[in-house]
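Here subunit A shows up in two complexes: once beside subunit B, once beside subunit C.
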Partner chain A sequence: MLPTRPPAVRPSDRPGSRLRGLLRLSTRRKTAALPLLAALSGFLALPSCAKRETAVDVGLRTATLEIGNTGEPGELDPHIINSAPDYQVVPALFEGLLNFEPATLAPTPGVAERWTISPDGLTYTFHLRPNAKWSNGDACTAADFLYSFRRALSPALGSQYTLLFHPVRGAADYASGKLTDFTAVGFAAPDPLTLVLTLAHPTPYLLGMIAGNPVWFPVHRATIERHGTIDQRGTGWTRAGHLVGNGAFLLTDWRPNQVIVAEKSPHYWDAARVRLQTLRFHAIDSLDAEERSFRAGQLHVAHLPPAKATALLAAKSPLLQITPGLNSAFINVNTTRPALHDARIRRALALALDLPRIAASVNSARMLPADGIIPPGMAGYTRAARLASDPATARTLLAAAGFPGGAGFPKLELSTATGGAHELAQAIQHSWRTELGVQIAIVNRESRTHWDQMHAKNYDLALAGWNADYPDASTFLDLWKSGGGWNFSQWNDARYDALLALAATALDPAARLAHLQAGEARLLEEMPVIPLSFDRFLRLVHPSVRGWPANSTDRPDYRPIWLAAP
Partner chain B sequence: MTSAPPTSPAAVPEPVEQGNSLWHDAWLRLRKNKLATFGLVSLSVIAVACLLGPLLSPYGYEEQNLDLGASAPSAAHWLGTDTLGRDLLVRLLAGGRISLAVGLAATFVALTIGVVYGAVAGFFGGKLDAVMMRSVDIMYSMPFPIFVILLMVLFGRNIILLFVAIGAVEWLTMARIVRGQVLSIKKMEFIEAARSLGLGRRRIIFRHILPNMLGPIIVYTTLTIPGVMLLEAFLSFLGLGVQPPMSSWGVLIKDGAEKMEEFPWLLIFPGTMFSLTLFSLNFLGDGLRDALDVRSSKD
Partner chain C sequence: MFRFITSRFLQSLLALFLVITATFFMVRFVPGGPFTAEKAVTPEILRNLEAHYGLDQPLWRQYLDYLGSLARGDLGPSFKYPNRTVNEIIFDKVPVSAELGAISLAVALVLGIALGTLAAIRRNTWVDYVASSFGMIGISIPTFVVGPLLVLALAIHLGWFNASGWYGPADRVLPALVLGIAYAAPISRLTRGGLLEVLNQDFIRTARAKGASEFRVVTRHALRGGLLPVVSFLGPAVAGILTGSFVIETIFQIPGIGREFVNSAFNRDYTLVLGTVILYAVLIMALNLAVDIAQAWMNPKVRLES
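Our next item is the complex of A and B:
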């Protein structure tokens, strides 16, 4: 408006009057319009909300890693833990004699800075580093390890993994209560920085058993005894404020069903190399919810429903991290059932499955189709015999066994766990019907019942699997030894037992490998289990997370991780 | 309808004109109700499609095509396929057979038990009534999914048993409704008249009292069917319902919900079908109540 001209404007043209006109609605019907306006302003404010710092951004600034941990850990006591969420937290709080290389699972120095093995393979001497400390500043010594091994093996404590001590002389007897004098067990500490293990028989994979396995972790004697006796469970010594660990991080807060917080420990011997300041483990029960939290910027690392991973894989998403796992999924075959007693029939059932095709349609991200029973990436093992789909041979074998075209074959049941692989089961059912003419019924059972039925040997066929306890082929092959506790197939084969016995005593790695290979070949020939797949671990990892050490045991090492803007 | 009672005193005799039967009146009222008519028509269409569809489809409900996998709706597969390459349309229709059959059969079981139980309790009254109805109260207090699961565990799984098990927990409300109706009807004059004519108890209950409760019974029945179908969906969701490869709407919705982000059609179509059926049943139930409840009608 020109300043020289007199203001001959009509009232309605006055600046502000139009605005007042617009606002008339709100002055006239204040009550109705107010919420509307509030909602409108809220809506307009939304974009600025989205730009606000998320937990992931804050983490970047404060070196805090937000981790989705599937559920609430049951326990943080390294000798007692047994559920997946526990295994994500405990390695941050404690450190064993050895760590492992993520890619190869080869043992690396932990509390032990070096070790020697006697030529006969029976004596292992570990030299502990003098600067290893507990989170309260106490020195971590060989006596702590002796105390911890005694605790882990105490029958009253009831650790589920005492099996991992069995190569040590007398450990199995001490764990079962047959031996009560711990000094007779093959552990000794000649001086505070030396730990000597004496074995009952040579065990080439002993270091693999020790590396990163929580049951071998030390616990702080004074803390344990302040809260209870050596073999007492649930004394509360693992609560935040009580727990004293020797790991790179220190438990500072544990809010059940919400979050576990661990801060960098100043006393850790390698603290200079630890770049994260805080770890926050969120207990989120549902995979869907965890994935949504990740998308909302609340988590750096999250699990996701397997079905979603397939879509992300197809879209080549850089967020999806797929790690092959040291595990094997298979069908247990009850060889005492009349129709399944014949190895030809078991082979026919296995050969009729086109596993690559089934895996591709059921879940290509998660399932790596199996061509044997031992997963790839197993240290020191390469497969000699391979399983490949061959429906024509399968039909011939079935006919030779007396069921041409499946005629007269009894109706068997395939037991599955509820919420598990029902699509996989249906694909198997369909393959057997179309390829062999064999009809089976799928029986969904609640997970615990499903496993109880297998323990009771009260099943025909059952979907099952096994995770490696230590990186060696024997962790799988030993399952089907005659009379073994996990030999749900009830398959007893003298030749197989002999091969495993040879492998157990062989000192020469090449000879041992040959025996193990022959063992797997025998298994694939007789088929007391039908291999299905090797399952991969699926994770969403935010681009700001650097150095995440993916490994096939899914037990993370948080020390090398750092956060940097993507 | 042979023994329609004198329903209203306003029945002025007009001998020339042919009187309408109760059923005919109800039918006329029902037809006037647009939502109820819609419910009836859509239910019939769904039922016929479920019965005939799987026979006419070129695909079998369990026929897999692993090479195809999950595919979006197309000319070959109108509603798409699931991850195992099975045609969703034929699985939806075959599953509908199960869901509708469970709904009807379980409701029939509930109806039979509930009506007889409630009528007996209400008619005889006194101590018998007290005992019978308190046992109903006790059964009410049991969480029924657990009761059904218990039955399944005890008797194994088969589809017939599923009908019976669901029916066996659904009759309680029906028994209460029927008892309440009997209590009020048995005090009416026409029952008095029947009794003075020397009719037996059974004849009075089934020929005179029961027909007068048809309205509430039919209404409650149409409301029970959706409830039962939801329960079947819930049991299938827990893995206790139908066994694979057979499908039911509950199974399809459960599977679809797991994959709704990648393959939305696996949830949308079964969900729509299920909701449509439930809505239709509820509309029809509402319409039937209005049509059959003579006392509340204006003509």
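Our next item is the complex of A and C:
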């Protein structure tokens, strides 16, 4: 038992305690709350001596760019990264063989200063610049690239983007473990400054694959091996103080869930052109908090809730930056479900949607209404067939399929993931009910549950999307090949497969384009997926930020950016 | 006393084991896994990843392995953050949440007890009405409304504070105030109620009769009994200030454990889910025990035998 003290009673007590003063004052009724208010306002007034210098102001003085980064990067290892915040940081720390022109996504020199392609399209020779260096001063050579490609393809590493190496001879077999001798893979380094790639088949978009994706970036062999083996995950080599990169910036601090700091690298071959001294990536995982931080002067560049973007767009705010993205949002249609196995019904569902009107009502800033499945801005691709709303034809098709006016249509569900898509789903549901008389139930699930159900093909209709892996139409069209891993519609069409096979082997660009166009046309005729929109990237950019090269891959190039008083 | 603590400790250990077991299997039965993404990984790569983390073993085997490493104090690697271990994440984040929790708790206690006491001794006057309204308003308006409102006024319009972040001492002010007010409100209500009950009792009349000043009567005699309801509220509340600070940690982007606790479930970061659940289970059990002991000390009617 704990000791308890008897209540001590004393006739008087010590004077002067603050609480006592407060209580005594409180007996004089009218003034009771005054000291409390005074204390509170004093507390609030404490840090208010003058308007503080904000981080944005300081940045102007010190050439420091404060970036809102939507969340905490899972990793900074170019071969392992897979979430959006990772892709904002890694291109600052590493550089691949090629970079790309922000506007056209055309490949530009990176570590490779020039390259040649053999007439049969099977051999690519890259000539590396002799002054390319790692951030510790080591030379960055062809051997580094060979080592990195071997690492990225090692099955045990579990890189999720090995697919982007598949055009290279033997790469797919090495990644799956069927081939264990890396020298048999089509990579070679005849000398320290020459890298030769031998392909299995001509791949006109190979340079786009190399320029656009960090899985092609080199890593520093000595650093990897100091912390583990070549194919070991999560060894901690990417931590600040360990990481050695070859990019324009060098990782100097990584405080989890707070900030990642990168300083200008003195060893970068083009350091003279880099104007910023410091990049600070803030791991702000709430769009609302990110937007508030921007308004409080903490960030130069920030993301914002889409609904706010609509308001800023209407007000023609100069702070709002809207960039078209290489992505496509659509409805996956499970073609094995009742009614949905009939192409006429899938087409009816698609034609009943007035996408421009839906986009305007749901989010005009973010959604660019789709007129096909492939977004604009794909190098060398133009759409031949277009999708346009046609409710009358939709009703005719539905009636022809045996459901005039929606009578007797089976009860189907439209699955969505929590967070944002609910309004879109409701707009679609409304269109189908009013235009076709078809009742669809909306099922809203937590994101990973939603994706899991979709991947298990356990759904009727599901909101989905795809980001381009490289700027070529095939990154989208390949998804719906018969039996493909991402063909969640389970749609098998020999004619479509044949068109894609023709496109894959066509050496003449015009012939290839024709096959791809025919492929998209076939898709829009059969509708295994119903196109919805191409989503744009929305950012707030402070007027002092100059030369921000917005591009449709949303992977910024920080080298040309500078800060100047607005 | 010793017997009581020993038996409670053993009970807690059993409860902890059940919590670990239930969490381990529940998190595995949730659809989706750590590698589920909108862009599904190919079955081949998924196999490689599962082999790396031992997820290809039968579930019972994984469970035994987990218990084994847990016995060695190793909570395993994180799935979402491959280059960090769960131990590291917890040691990194708990001090932050603890600091936020301690400051907020101080704000809550000082503000709550002061207002509750004022309301009780000035019962049915405007002082009481103001203090009680504060209590009602504080309970009714959630932190995700108060937080952004304060940010709007004090950070964006007046520019006194940062809107988010956890860098300097000034960054502690707004989150601690918002979280503190949220807990001050129920504390003020409980203090008022508890104090009113005690103030009507005989020993208070005796104290007054013996000539003790009103201040002394309240602080030395009445508050001790009057705060009993507050103390029993504090056990779960302290745990709640740490766990429930998820909202505050998100509004103000504080790198605390509350965000990991919630986000790990969304990320299906199995090991981090378990690590944070174990942490909170231990915390809640320890706090409840502490509350029982404190109550026995404050109230002679309670005896620690059961």
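The rule is simple: the second predicted complex is superposed on the first by the 513 of 566 C-alpha atoms of A that agree within 3 Å, B and C clash if a C-alpha of one lies under 4 Å from a C-alpha of the other, contacts with A are read in each partner's own complex, and residues count from 1 in each chain.
Everything that follows uses one rule, which is that contacts are C-beta pairs under 8 Å (C-beta built on N, C-alpha and C of every residue); 3 or more make two chains touch, one makes a residue touch a chain.
Every value quoted in this text rests on a predicted model; they were computed, and no experiment measured them.
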According to the stated criteria, A:Q258 is in contact with first (subunit B), second (subunit C), both, or neither; which is it? second
Identify the partner contact of A:G74: answer first if only subunit B is touched, second if only subunit C is, both if each is, neither if none is. second
Subunit B versus subunit C as contact partner of A:V443, first or second or both or neither: first
If you count the residues of subunit A that each partner touches, which comes out higher, subunit B or subunit C? C
Just checking: does A:A348 make contact with subunit B only, subunit C only, both, or neither of them? Give me first, second, both or neither. neither
Tell me the contact category for A:N467 with respect to subunit B and subunit C: first, second, both or neither. second
Based on the superposed arrangement, let me know which partner A:Q429 touches: subunit B (first), subunit C (second), both, or neither? first
In the overlaid three-chain picture, which partner chain does A:V168 touch, first (subunit B) or second (subunit C), both, or neither? neither
With the two structures laid over each other on chain A, which partner does A:G485 touch: subunit B (first), subunit C (second), both, or neither? second
Overlap of the subunit B and subunit C footprints on subunit A, listed as residue numbers: 446
In the complex, the residues of subunit B that touch subunit A are 62, 64, 66-67, 69, 83-85, 157, 238-240, 243-245, 258-259, 261-262
Mind pulling up the subunit C residues that touch subunit A in the complex? 1, 30-33, 36-45, 48-49, 51-52, 77, 80-84, 89, 92-93, 114, 117-118, 121-122, 125-127, 130, 148, 151-152, 154-156, 158-167, 170, 173, 203, 206-207, 210-216, 218-221, 250-253, 255, 259, 263, 266, 268, 293, 296-297, 300, 303-304
Within their complex, state which residues of subunit A touch subunit C. 1-4, 7-13, 19-20, 22-24, 26-27, 29, 32-33, 36, 44, 47-48, 51-52, 54-55, 72, 74-75, 77, 80, 82, 155-160, 162-163, 175-176, 233-239, 255-258, 282-286, 288-290, 292-293, 295-298, 446-449, 451-453, 455, 464-467, 485-486
Quick one: in the complex, what on subunit A touches subunit B? 305, 307-308, 310-311, 354, 357-358, 360-362, 418-419, 422-423, 425-427, 429-430, 441-446
